[in-house]
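Read from first to last, the chains carry the letters A, B and C; within each, the first residue is number 1.
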Amino acid sequence: MSEYNIQKMISEKKGRRSSAFIEKMVPIILLLITLVSVLTTIGILVTLLSETIVFFTRVSPIEFLTSTEWSAFSSDPQWGIFALIMGTLKITVIAVIFAVPVGLGAAIYLSEYASDRVRRIIKPILEILAGIPTVVYGFFALTFVTPLLRGIWSEVNLFNALSPGLVVGVMIIPMIASLSEDAMSAVPNTMREGALGLGSTRLEMVFKVILPAAISGILSSIVLAVSRAIGETMIVSIAAGSTPNASINILESLQTMTGFIVQVASGDATYGTDTYFSLYAVGMTLFVFTLIMNVVAQWLSRKFREEY
Amino acid sequence: MELINKQEVSKKLSGRLLLNKVLKYIFLLFTLVGLVVLATLLIDTVLDGWRYLTPDFFTSYSSSRPESAGIYGALIGTLWLMAVTAPIAIILSVGTALYLEEYAPKNRLVNFIKVNISNLAGVPSVVFGLLGLTLFVRLMELDSSVLAAALTMSLMILPVIVVASQESIRSVPSTIREASIGMGATKWQTITRVILPAAVPGIITGIILALSRAIGETAPLIIIGIPTILLFTPTGVLDTFSALPMQIYSWVKLPNPEFQSVTAAGIIVLLFILFLMNSVAIYIRNKYSKRF
Amino acid sequence: MTSSKVKEEKNMNTVYDTAVQDRTEENRTIEQTQAVFQAKDFNLWYGNNHALQNINLDFNENEISAIIGPSGCGKSTFIKSLNRMVELVPIVRTEGDIVYRDQSIFDKSYTVEDLRTKVGMVFQKPNPFPKSIYDNVAYGARVHGVRNKKVLDQVVEKSLKGAAIWDEVKDRLNDNAYGLSGGQQQRICIARALAIEPDVILMDEPTSALDPISTTKIEDLMHELKKDYSIVIVTHNMQQAARISDRTAFFYQGYVVEYDKTNVIFDKPKDQRTEDYVSGRFG
């Protein structure tokens, strides 16, 4: 044996260790940290609710829900949220019509047709696309897409729904593509072999076997993307204008819920005014919309995971 | 009697194969849409903005004259914002991930916390802005300071880092955990000496990606009242500041067409920073991805 | 304790054991004074699954005790009970007692960390930490508060020599242990366990993931280690048990069917099931 005894050294150190105390404290501290996320949710709910209630003591909730006109800055303000919802809806619908086929097509290509090499090149590019700040997309919509559209179609206004809608679509394409591809890749290979072994073409296999098997994962990705489009702020603030209206014309200026919040916060409203509190009523509406979408998306993706 | 007419089948086959081929190229085309848009955006921006990328652009504050406008203030402000956001977000998120993966019992509260975190990930950034405005700017009287913005950003990117850290911690094989426990190490010793070091590449990747999202976020900053034009840099966390995306946003709105080029120059700088951060994240991920 | 004295005691012990064995027919508990581990009516449940039933076994000092049996017989569960690693599974419940050196391992005053410092373990698959070879071996000492660099250097060298891998790795102690072959990794894991000089080493199928050459190296190593340590090994490889162990316990469906000197188990077992198993008729 050597000149020292490690077990003896260990038992000598033991007395000085405060490890038992640390072991007891760590889970408590970590639990407290974990609760910050819960407090954040509570904070959001309390903030939105309390200020929204103040808003509804000044403005009738019936007007809020039934009027179709929103003019917060006029001398005779109108508070019909429908005008803002309509703006959000127009942008979202254009984005989804553009992004769903493109995103799904890309997902099908990447999951079922592309070689490993192609996939290794394309996926990081999609990630870069997903990481571009929305203020940059806004600039792109205003200075590139809008002039392009106006060149093709002279009736397009400088501020319109089409250009930001398409760009919001570009923004959500990576989300649909990568989440749907995950869902399709998760379909077991045995199902592919089964379909191809019976003489289906790859296309028939995709539509008759892969898509039905991955459907809840794909739907979940689309719902999440819709939620993202609803909450998107900078693109619409920059390129959609600031005139709330309930029309379905996609060529003229409009305002979304998020766009209104930014306009007010950019300095047009002082604390305590009706307009200030309307910020929270609009925020609450937005929050409810996206929350419903997220819950649906989670339900769908849980359902998807149960299948395998 | 034959139930399947073989002649019919082979006649149809060529059509089916053709359709397969056509659709394959359509899918490829869709895949390339993202690529084309990205290329267009980059080329358009660079062509527009490169003229303004002079040394002066980096050393001067914003100005009402396009030729003398710079991003010095915004750049320094963004550095401040990230320097304060990062530690807050890291402590909160990694702590949460550790609790959920290593300590949390299986009960309803923990289940609720997990669902809650994935819901937070879907809350629009403007709503986080409203939370920051009410809680940090007004209630805690932090005004439109670096700290108020950093707290808001931290809460916003928390779910992203939590999920990335959880995945990374989960990928550490339980065999090396057993090895440590089997030598008489306590749970916390095992976590700090074995699990965290093994999970760190994944956690860092998550942190960088989350911070690169925070760097480009504009809406929450607008809502908590960060000024658009500022001619000084902060000296402490309670000072107000400007930030790159705020600067870009304020330039976008200016009618002078020359400012379009200034904006493009600012965007080039922002995208370059993001590109660097993403490269580091991808490098770390690839280097350490298949270790176990 | 010097090693010559240990040997002497061991020899006396063997002589005494043989005498006892000759006198008694039923001798599951073989000899009391030199036992390092004694299981006393030990029972274990995973939820409702009664995985270990009334285990009574003694393991002796400076011997290699082997546990054999078909898959699912409870042998791994039992060896993991000895250092209470089995409790990492949350639904485990135990009854009865396991005594280590005259003290119950379930005693409230006894922390699992203390127990595991004295009772080391080597696992089925080599599981080095993703750290350097040096840091792997020094891990235990550091965890237990030994930070003196000189002491650590000695610990690392001595343990790597003890695990018969020093010559292979002495020039690259700072390389990541993941770069080694499976057999080398497993010997690093043995060195890591030796570094805190445990009293007993538990080995849970330590060669099941290794090639024959590495297996031979580890078996040779175990013969060397027997001089200073008591070893309990679980193995699914009957030849291995026959080659290396002094005593063998045959587990079947959660029971100890037979426990005896290894040559007895393999040459003239008393129970028909043992004979069927060791002769390869099932398992």
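Note that in this section a residue touches a chain if its C-beta (ideal position, glycine included) is under 8 Å from a C-beta of that chain, and two chains touch if they have at least 3 such contacts.
Here's who's who by UniProt: A = Phosphate transport system permease protein; B = Phosphate transport system permease protein PstA.
Note that the structure is a prediction, hence the values are computed from the model and not measured.
Student: Among the chain pairs here, which one is joined by the most contacts?
Tutor: Ranked by C-beta contact count, first place goes to A-B.
Student: Just by CA atoms, which chain is the most central one?
Tutor: B
Student: Take the average of all CA coordinates in subunit B, do the same for subunit C, and state the distance between these two points in whole angstrom.
Tutor: Between these chains, centre-to-centre, one finds 50 Å.
Student: Roughly how many whole angstrom separate the Cα centroids of subunit A and subunit B?
Tutor: 13
Student: Quick one: report the Å distance separating subunit A from subunit C, using the average Cα coordinate of each chain.
Tutor: 55
Student: Pull out every residue in subunit B that's touching 2 or more other chains.
Tutor: Within subunit B, the residues that touch at least two other chains are 186, 189.
Student: Where in subunit A do residues touch two or more of the other chains?
Tutor: Only 19 qualify.
Student: Two or more other chains in contact with one residue: find those residues in subunit C.
Tutor: Within subunit C, residues 113-114, 117, 144, 196 contact more than one other chain.
Student: Can you list the residues on subunit B that touch subunit A in the complex?
Tutor: 16-17, 19-20, 23-24, 26-31, 33-35, 37-38, 40-41, 44-45, 48, 91-92, 95-96, 98-100, 103-104, 112-113, 115-120, 122-131, 133-135, 138, 155, 158-159, 162, 186-189, 209, 212-213, 215-219, 222-225, 245, 248-249, 252-253, 260, 263-264, 267, 270-271, 274-275, 278, 282
Student: If we count contacts the way the header does, which residues on subunit B are in touch with subunit C in the complex?
Tutor: 173, 175-176, 178-186, 189, 193-194, 197-198, 291-292
Student: For a test of understanding, state which residues of subunit C touch subunit B in their complex under the given definition.
Tutor: 83, 85, 88, 112-117, 120-121, 123, 125, 127-131, 139-140, 142-144, 178, 189, 192-193, 196
Student: Any idea which subunit C residues touch subunit A in the complex?
Tutor: Against subunit A, the touching part of subunit C is residues 2-3, 111, 113-114, 117-118, 141, 144-146, 151, 154-155, 158, 195-199.
Student: Quick check on the complex: what are the subunit A residues that touch subunit C?
Tutor: 1-2, 4-7, 9-10, 13-14, 16-17, 19-20
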